[in-house]
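Below are two complexes that have chain A in common, paired first with chain B and then with chain C.
Right after this comes the complex of A and B.
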């Protein structure tokens, strides 16, 4: 990995060399307007990434790819070619399966280094359908705006993940008494010496849960490299920042995790804040709140005046099961029909509602999910990093 | 990857007693950024100090922020991420980003 590290000389030489080494993104097939308040909202789209169909390009290197909302217009499973892609640091583009190892160490009885076959033999094979969503999904829609990847709402997807339970892998090494957290690292590493590696940890009780996996398959296919081949952590109900990709190290901790991506970022305020707030207490961003979207229509679409109108879309409960979906306007709410619970509490479900007659423009309509007796908020819970957006997403439809 | 997918599908389907998973090697080629930074004072400083990690398209997509924010972003790259940014080039980098953000979106 040291050959990859940046020095000042390497950095300047590298700027030219990468352009020669990689094929240019031959054609950006289109542009999409994410409608980010105040702009810039235009993004190129391309099918040029391996295993991907048309995706929104948020960043080329390392790739940040967003799914257009049309990817969620049908069904509850997001195909692999439409799953969003997010990397913090560069990662290897070639991996030999036979050479890959996962080191399990830290506060364990016996540190081990496991091959892929040993991981697969560590326990019962388990499949779970769960939404994988970036903690910053929808950040670009924050008002006031905040810096960071300017995602629309497409940094999410729902897939079937298959692997073994993390606790079965931990059992190969034996967790010692006094363990508090389990930390993960992958093959993605910073270009610069001394920059923080992307490592994340779960509290021990989460790590030992029945449905937290070391997964090798996504929708019954091997994890694509862009999604963390050969193994990634899957934490149903929690944001994907914990779903560490290209898993290579599992470390059992006995204290708090003071590493950068736990202690200094991926955190949000414990209290209401404004852009002027300073020195407020923060907590790690963990479980996902409920979200719901209209997918049958986009903002500004035209609908037939005087006719019935059927609206439909998707919803997720986050870390708990959906109870109900309402269509809401300014001062009114109508219950929607929630589709079948096909895949359990952590998956997308579809919803639908038919209005008997469109009597005029539908201004600022949206849907809201109910979970554990609570509903999605009417106003944005603003935070300086734009995490965990779950405000009701509203659109306006014009009647003609 | 397609061959690997097929192997796994077969392996999963064929699990009478104890499932087997066949792991195959994987490799991909990633595309490079076709977007070039627009001309302007400081462009060379940005290319020399920033583009090894940040593709031009990403830089051009950031929301408009004040000069002080760009200064703190460059500072964070140096102190937190240990980016080998030439201290003398920082004012030119900041000038360039501020100037590019002042242009209409279509001409960036």
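Right after this comes the complex of A and C.
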């Protein structure tokens, strides 16, 4: 028992001294062209950030780091050094694990302040592999263009998350009757007085779900500072806006959540809209739709004429399991071989297909995922914030 | 909230540049602002360097009328909703008109006591915006807010504003400019807080 507890402590506190050094502007290497249709697409891959290999630097402080698509070329787990990074506000670059507390309050029987050991002891340790994806992933590819961080498709990654169930942590305080939502805050703070704090909430039934975690490990390592050390919320199947990092406060609500990042942003239209639409009803962006990508080839690559061609890539079901993947062109579709279900419905899976012979250029080919009998759309479901992109991503290959 | 507004007003009164946020008509774009009465070539250069949007001169309708300026597009058809007048240049004292010194001079000439249409030429390199008479309470945008901020700061009734663009060409949000705020000690004026203050004063 004692040994187990020490192990837990070791696991959680191990990275307590991790510091995010000021990025050094020494390495002057490449730029990556995201090929954005509506504006400048060149982005630097410097400065280097601690614990990260080459990433696309969308913003330095607070960091917005995108994984180059090559990060998804192999396997189904995104290594920690290639997981995208997105912070709304500046955050502490050093956290003393032993002193960190999570306050659980609001509509609870008894408000508590929990140490990391107490969190770790709150319930069974659970690991789940799940895709972590920014609600705005692929926003920069929107046509017509929309405002916001112009991400290519690399604001996503799939990792193994380990922690305890949120409901077990809530049980330490005891949720009162009449509770409606559970809200989270982290240690990130707005730049200026009056600016809204980044707080997000889940409906109570989501918060109580079997697989919603207060996690301390990512791919069996303590959460890196950039990913929310020491604790973050993990909501498999939902966009990462809910996966609050550097968790410090859990608040049980009894009404609606009127806070800025729930009531005013991270929302999308309840109806079909165009750039001219005004005053339409909106709903919070929540569950992820399916997505799929060709990772073996990039747009404009050349392939051997007259030879067989094997294409492969990754796919995700979003908040439900993948059923099938098709390779699609203009007016045709071929079923692909879906790789083994290694990690469950919320993880990436690989797919592959071999064309017996390349007889000419492959114009605008893409893959589409089937989930719950539905497929990814052929045209973009345009919305003014570029959320939840899941149009079929197409590329053209030249035969030579 | 009002503490932050007071700091911004102090900064404006002292001739410093502040950030305006909370524009309700421009999708969250934010601006740099200084009172036109305090404009300097350095202020214009700062805006051109760190703001990188269009450098505009926000004017009251009275002052615009005095200068013979009217809206470029007064109608409702094909209307962007931006209250631009024709662009201007000081009639005298500028070279090509675009340098920081030239633009600062144009602003000074345009807002000088007794300035008339005779003192400005068009087109030019300063872009006047004609605010609504009711100010920020009538139109919750940076143009009107900048004029009300200048007034509350006792720094006249005209302002120079410039929207802030990121390195990648995307329009900045407050969360993008932490380094700029820290490096230059910029105060932030929130339009919501300004409206609250002015509604309080009107009540």
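Going forward, the second predicted complex is superposed on the first by the 372 of 400 C-alpha atoms of A that agree within 3 Å, B and C clash if a C-alpha of one lies under 4 Å from a C-alpha of the other, contacts with A are read in each partner's own complex, and residues count from 1 in each chain.
As a convention for this text, a residue touches a chain if its C-beta (ideal position, glycine included) is under 8 Å from a C-beta of that chain, and two chains touch if they have at least 3 such contacts.
Predicted model only: the values in this text are computed from it and were never measured.
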**Prompt:** In the superposed arrangement, does A:40 touch chain B (first), chain C (second), both or neither?
**Reply:** both
**Request:** Identify the partner contact of A:61: answer first if only chain B is touched, second if only chain C is, both if each is, neither if none is.
**Result:** both
**Asked** Comparing chain C with chain B, which touches more residues belonging to chain A?
**Response** B
**Prompt:** Is A:194 contacted by the first partner chain B, the second partner chain C, both or neither?
**Reply:** both
**Request:** With the two complexes superposed on chain A, say which partner A:49 touches: chain B (first), chain C (second), both, or neither.
**Result:** first
**Request:** Mind working out whether A:150 is in touch with chain B, chain C, both or neither, as first, second, both or neither?
**Result:** both
**Item:** Partner chain(s) touched by A:105 [first = chain B, second = chain C, both, neither]
**Value:** neither
**Message:** Taking the superposition on A as described, I'd like to know which of chain B and chain C A:88 touches: first, second, both or neither.
**Reply:** second
**Request:** Have a look at where A:230 lands relative to chain B and chain C in the superposition and call it first, second, both or neither.
**Result:** first
**Prompt:** Which residues form the common part of the chain A surface touched by chain B and by chain C?
**Reply:** 39-40, 43, 58-61, 147, 150, 190-195
**Request:** Quick one: which bits of chain B touch chain A in the complex? Just the residue numbers, please.
**Result:** 1, 4-5, 8-9, 12, 15, 19-21, 23-35, 47-49, 51-55, 57-58, 60-65, 69, 73, 80-84, 86, 105, 108
**Fill in**
Contacts from chain A onto chain B in the complex sit at residues 6-8, 10-12, 14-15, 18-19, 21-26, 28, 36, 38-44, 46, 48-51, 57-61, 63-64, 93-98, 100, 116-117, 120, 125, 140, 145-147, 150, 162, 190-196, 216-217, 220-222, 224-226, 229-230, 260
**Item:** chain A - residues contacting chain C, complex
**Value:** 39-40, 43, 58-62, 88-90, 147-150, 190-195
**Asked** Which of the residues in chain C end up touching chain A in this complex?
**Response** 1, 3-4, 21, 27-28, 166, 168-171, 174-179, 181, 188, 190, 192-193
